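Please see the structure below; I have some questions.
By written order: A, B and C. Residues from 1 in each chain.
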């Protein structure tokens, strides 16, 4: 058998003739897995919807409905059918984007959710940015200076970050930076003078106002988002710095780091090109999970800052017993969560040379 | 102790200590030796301090380890006095080290070519093209038949023997004078060990390098090296020429020799090494080369 | 056998020597010895001791609340509302209905402890059960149970808890159930991982050959070994549980007024935040301290029980 002289020939001669075939089948399996998880998710929300003490028929018709109207609606809503069949109707609806009508806004839940989601997205994205650009270097620093006072300080900062009730920190932040110091804008995404001045393109005010060239709106939006985003950013950096530190420590005690030093490389190169280079891929997973965590954290933060995102939407719906809206919102957040998890898994498979 | 200007390395009274919760642990205790353009073997069991000695030479031992020596010089220049920055020039370019297991000692997410180029470019000026040429040349020098493919490959795609050959190629790329080989064949299959050793042999010979071979394998060291140092519990207990190993005096060395099975002197039972406390407490034998 | 007298030395050993003995003469001695060594390791970490101290303080306050509280936490006094901290008879001030904040804080510790204890009992036990059964029986039972676990894990915890409380109605018990339902999956995962490792051990085969059924094997041989990982995880999780409970309380979904639950107190004080900051700020400090305590303790426990995960010296 001739020795392969190019990588391509080598691949063709290898026993696993088509590595790409194995890759495709693993992608398909992952997609199948996502589907099952999502259906399971929907099943749970569906069950929650059926457990509620509120009679769904009365929720629609009101308490004074006559018996015949009640019976008619009962059948029309499919409540006479077995639970599993109801679930399939539910799945069918969801697949078509129909999450029902919100009792509060009298609009389709899906429309409401799409309207409020960008606000949360803006917050979570900015928060994650802060978390990554501050958290990662801090984590690397803590790992490199392990055991020193710098390491202790960074770990305490992180520790405080995830021991803090985020809604409380938000209140304190508002109190100090808005109430006392007046450095930032107050609750809400924009001051009243600036609302509705910018055409909605993406729903992300920062992007839309920049696109439209309205820089005063942009500045106002920044002053309003900086506090809640910093809050979420702090939360995020607590987690990210801890994970980065732990990943770096694992790498720094590896043999190949000694090899790099033996070559005569500067410590900076050893840390960033070699050690950090090896954690880039798991770090992606960490960041994706952190982003998901921020989506969750934004629920309470949005209430404090009167931020009209999906967290506010769900909690307002909750307090008004608007089950369709609560479930719709929960499902959407859950789906995004699942997608983020799967996305990070996929990135792992694509970028880690050992997985190829 | 001869201070031969022909010597590449002179070490006098090297100590390596580690503070632990239960007191100070001395890994290397007063070791002295010198190395010329020859092959020196350091033999010992696990915990004898042989690896630490090798690493101490490259000043690789970091806090909280404490390294002291009356003298540790390369070509007469004191290595202990050098700053970290100066040591980085020494590492790779003048003294290099090959480690035990290429599975762990090669960076898993960089291609082999990148790693070799990095070792070379650090100490040589030149274009990337020149570095690539050098890398391929080194791969050929270690008898890798398809250097282009290996250049593009990742470490986990290599077998143990190939990985170790890559390691040798990488460490010899900047053309050092001295190579420290720390258990270079211990992680390899017996069938491959000979191959890797012969490559190392050829290259060290061709380039006129000094070699320090650290191993627990007495047979290997005696056949490969010119001189042997035997270490136990951080001290050198005996030094001799490799061809005179069978006439070694120290009971520890004799014990090691006797515990090896031999085809020409079959025994019903192999001797078990009995250790004496006195071996630990005696001072290091000074290497008279 | 009295181990204290059975030592070979002529003098009786001190308790410490007995515990640290290298050759324990009874199982009890060996077990207590390893506990003691674990305790010594824990004690050496100052931060962990601070965490433990905080939690013991919480326990103390909760137990002796009626003795420690200067006033009745429910007693309203509208003429005395919104007094700042340091006022006459009210060390931490009063809230919007004139109730003493310090007393409410002290009684609130009981609620916090109640929630934490219940969740700490329900979630890990449920997770342990699901995880060990899945790990031991394998096959389709494993696949289904793990799929269910994954689905619950796929939900953001707070959002799912919100949905549950929406369905079940507000109230402290429902909040506990909701939080437990979102908290059990990680324990199932841990328990399953441990079970898979243990399952192949020879001594399990030995017990099987002696005729032990799955239930006996799981309960007597597998559960005890999972305990240490679970304990670490519980301690680390508790901080998050407290924050979740406080969050639910803040939304009005936990203990109902006039109950002095800390999260609800923050919510009540929110309206007056800018001018009467103490009503909302002080309960939050309490939540923070307790959460911090659990985190510190959990970190320390992990360093002692699962050292390879800690990445620390």
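Definition applied: a residue touches a chain if its C-beta (ideal position, glycine included) is under 8 Å from a C-beta of that chain, and two chains touch if they have at least 3 such contacts.
It should be emphasised that the depicted structure is a prediction, and the values quoted were computed from it without experimental measurement.
Under the stated contact rule, the graph of chain-to-chain touches is a line, running from one end chain to the other without closing. Ranked by the number of C-beta pairs in contact, the top chain pair here is A-C. Using the mean of the Cα atoms as each chain's centre, the chain most removed from chain A is B.
Chain A and chain B have centres, each the mean of its CA atoms, that are 51 Å apart. Annotation: 27 Å between the Cα-based centres of chain A and chain C. The set of chain C residues that touch two or more partner chains is empty. Of all the residues in chain A, the ones that touch chain B in their complex are 3-7, 10, 254-256, 258-267, 274, 277-278, 280-281, 352-354. Those residues of chain C that touch chain A in the complex are listed here as 147-148, 150-152, 154-160, 162-169, 239-240, 243, 246-247, 250-253, 263, 266, 270, 273-274, 277, 280-281, 284, 287-288, 291-292, 294-296, 299, 311, 313. Considering their complex, residues 58, 60, 84, 88-93, 96-97, 99-101, 104-110, 118-119, 122-123, 145-146, 148-149, 152-154, 156, 167, 170-171, 174 of chain B touch chain A. Put simply, chain A touches chain C in their complex at residues 36-37, 40-41, 43-45, 48-49, 51-53, 146-147, 159-160, 162-169, 171-172, 174-175, 179, 245-246, 249-250, 292-293, 295-296, 299-300, 303-304, 314-315, 318-319, 321, 323, 326-327, 329-330, 333-334, 337-338, 341.
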